[in-house]
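Here subunit A shows up in two complexes: once beside subunit B, once beside subunit C.
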Partner chain A sequence: MSAVIAVTDLTKRYRGVTALDGISFSLAENRIHGLLGRNGAGKTTLMQILTGQHFATSGQVSVFGQHPYENEQVLARMSFIKESQTYPTNLRVTHVLRAARLVYPSWNEEFAQRLVEVFQLPRGRNVRKLSRGMLSALGIVVGLASRAPLTFFDEPYLGLDAVARQHFYDHLLADYTEHPRTIVLSTHLIDEVSDLIEHVLLLDRGRLLLDVEAEALRGQVVTVSGPVAAVQEFARTGTELHRASLGGTTRLTVRGDFGPAAQDRARALGLVLEASSLQDIVVRLSTATDSSTPTPAGVTSEETIR
Partner chain B sequence: MNRTLIVARLQFVAWCSVVGWPWGILMLSFLINVALFSTIGDSEDFEPRTGGLVSIYIVMFIASINAITQDFPFALGLGVSRRSFYLGNVLNYAGQAISYAAVLYLLAVIEEATDGWGVNLLFFGLPFLVVDNPVLRFLSFALPFLLLGFVGIAIALVFKRWGVNGMLTLSTTALAGLGGLVVLANWRGWWSVIGGWLADQPGWALLVGWPALLTLPLAGISYLIIRRATP
Partner chain C sequence: MEDSRPIFLQIAELLENSILDGTLAEEGQVPSTNELAAFHRINPATAAKGVNKLVDDGTLYKKRGIGMFVSSGARAKLRGRRRDEFARQYVQPLLTEARKLGIEPAELKNMIDAKGESR
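On to the complex of A and B.
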């Protein structure tokens, strides 16, 4: 699989703030990548640089093998749907769709019209008069129907209800299966998208904490609980992310290379082993590096090492 | 080139409002003037003059500011390059300036032929700054459109790129510069010379020549600013 995006040592500094701190990664073609992280982690900044809208302070960025800045060939193959997108105030919903049809070479009008029905968008309504959820839905329709070989969704569903979000996931997955393309999905609703995401990038305060296959990650982080000594023995090879102790028992979230044999090993030691959800993993990894997190009595956090 | 054309078309997706506002306001102003002057002023030598024609230029000026504050973030969000957006905008303005100037010229000719719409009204023609050459007369309608369009683009781009501080710097500089010139002119007693120079300028120079000379550097500067502007 070839890389659609290659980033090397990318840094972005605003006045006194380092939004991106020397990150490097590459994203494979025709997969769904989850770009996760807390508010202010640098997700939007990263996508703005990848789409040529903002400028990097230093480092290299390559999209489809070229630099995206003012590169028509690259830009025409990308679609970037962001929560903060503004529209000219004289446009109606139909006008926005017509504009998108003009610009995107792979635009599918029939699919767009179907999505408009699904999200119950009022075609004749001025964009200024759309609710927050409807604006989000409009962005989603544009992003999906563009069928761009590289599509970015940055928090695409602010204000959307659970049903509409499910519609988004369903249509994204169905259309992705039929028309494979590279999708980068940035979101806070990690649990909702954990089945969708094939590859995870986790940003924390401008640094890359994770760059891993979702499948591999699921087995990598586990929560084990039982007698302190047995837990210690089990977790010897891993990196401790979170620990909660009560009396003689400990509940430990640990990251390591736990193969299929781990389940048997845990049972033999008399321990309970749970695979952590993607959301747990993200929370644990993000807070493990966050010294401002209050540590309750008996709970210790340890710096994670990538 | 292809993407440039797309941008020009992009700005016309809601063509009703794009064409409707400038012409709607101009026509309303015109109709009010005709109605007003047909109810008053019966004397033969009364030739009412209005500044109503200016309204269409003002609307175009505002539209050019909106192009940067609203269309620019939208177009870049759709994956249009800054270069394509800029060139598409230029194409759009040139097209509007040419077609609008043609219509205004035609209306001015009709105005003359009908003795000012039957009420001696001078609405589309200019009371001073007479331009006889038909080509120059056409351009004297078109060039002010381009000048105002690029002034609007340049000002809005300063705001887009440098924010409120940029606008304050720009207006402070402009104020200091113009104020300084006025003081200088007062001190040296240049006003009669300046007035004489202006009066000596032929109509086409003030409506075509100077606007063209100002438009070109503004267009160049705007292109340089937009290349590093963020939506």
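On to the complex of A and C.
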């Protein structure tokens, strides 16, 4: 599988802030990639550099084998849907769609019109009079109907309700299946997308914490609880991420390759084993702003590694 | 998918269950990976991986240009494999819990017999 994006040792600094700190990765073609991380982790900066809207301080960026900056050949093949897209004044919804039709070579008008119905967008309304959710829906319509070979969705659903978000996921998945393309989806709603994404990039304060297949991550982080000694015995081979204790009972979150026999081993030791969701994993791996978790007396809780 | 195991394994197991309970007949056609992806709301590549696992172990076979079908004899084979897993998945935890409660094996046998008769 060929790489659509290749990034080597990319660093971005501005005004004394290191937004991206020497990250390297590549994204394979025609897959759905999840770009995850806390606010300020560097996700948007990364996407801005990849779409040629920002300069890197140092490092190499290659998109479709070329540098994206002011490169018509590259830019024509991508679509970038931002969290808060602003439109020129006095544009109506239909104007935005007409403009998109001119800009995106792979634009599909029939699909766009179908999506306008799905999201119940008022065609004649001025975009400045759209609600927050409708504005997000308009971005999603443009992003999906552009059918760009490389599509970025940067937190595309501010103000969208759960029903509309499910519409987005369903149409994304169905259209992606029919027309495979590379999708980079940046979101905080990790649980909602964890079954859609194939590959995970996790950014934390400008560093790349994870660059891994989503399936490989499943079951790799587990929480095991029970008597201290048994928990220790079970978790021997893993890396401890979080520990909470109450009396003689310990709950430990560990990362490691526990394999399919883990459940049996836990049972034999009389322990309760739960696999962590992708969201839990991201929370455990990302840096806490305040490392002391509030706990009542008698309970100890600590982030074990960073 | 709620389960902690890789999704493709869960897809494979769901198909196996359908074959075991007869929902999917031998020599019957299996839903396409795209249909499975849309139904379970998962990535189509993941659905394909689950289906391919069953192709690799001979449970399903591919008719070129038509789709995936259940192999003859798949049901009996799956049943044999699942019986082996039964001891590990159900009997072992039962014994562990019984030991914790101080239930002797003989007593446990009586309980199973009584339950079996009352059904």
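Note that in this section the second predicted complex is superposed on the first by the 286 of 306 C-alpha atoms of A that agree within 3 Å, B and C clash if a C-alpha of one lies under 4 Å from a C-alpha of the other, contacts with A are read in each partner's own complex, and residues count from 1 in each chain.
Everything that follows uses one rule, which is that a contact is a pair of C-beta atoms (placed from the backbone, for glycine too) under 8 Å apart; a residue touches a chain by one contact, two chains touch by 3 or more.
What you see is a predicted model; the values in this text were computed from it and never measured.
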Simultaneous placement of subunit C and subunit B on subunit A, clash or fit: fit
Which of subunit B and subunit C A:His188 touches, first, second, both or neither: neither
First, second, both or neither for A:Ile32, with subunit B first and subunit C second: second
Inter-chain angle, subunit B to subunit C through the CA centre of subunit A, in degrees rounded to a multiple of 10: 150
Touching partner for A:Arg92 - first (subunit B), second (subunit C), both, neither: first
Subunit B versus subunit C as contact partner of A:Leu75, first or second or both or neither: first
Partner chain(s) touched by A:Arg267 [first = subunit B, second = subunit C, both, neither]: second
Which superposed partner A:Arg125 touches (first subunit B, second subunit C, both, neither): neither
Subunit B or subunit C, by number of subunit A residues touched: B
Touched partner set for A:Leu173, first subunit B, second subunit C, both or neither: second
Where subunit B and subunit C come nearest after superposition, their Cα distance in Å: 27
In the complex with subunit A, residue positions of subunit B that touch it: 3, 6, 9-10, 13-14, 17-18, 66, 70-71, 73-84, 227-228, 230-231
List of subunit C residues in touch with subunit A within their complex: 1, 4-8, 34, 37-38, 40-46, 49, 88, 92-93, 96, 100
Subunit A - residues contacting subunit B, complex: 48, 51-55, 70-72, 75-76, 78-80, 82, 85-92, 95, 98-100, 102-104, 148
Interface residues, subunit A side, partner subunit C - complex: 31-32, 169-170, 173-174, 176-177, 195-198, 215, 218-219, 222, 260, 264, 267-268, 270, 274-276
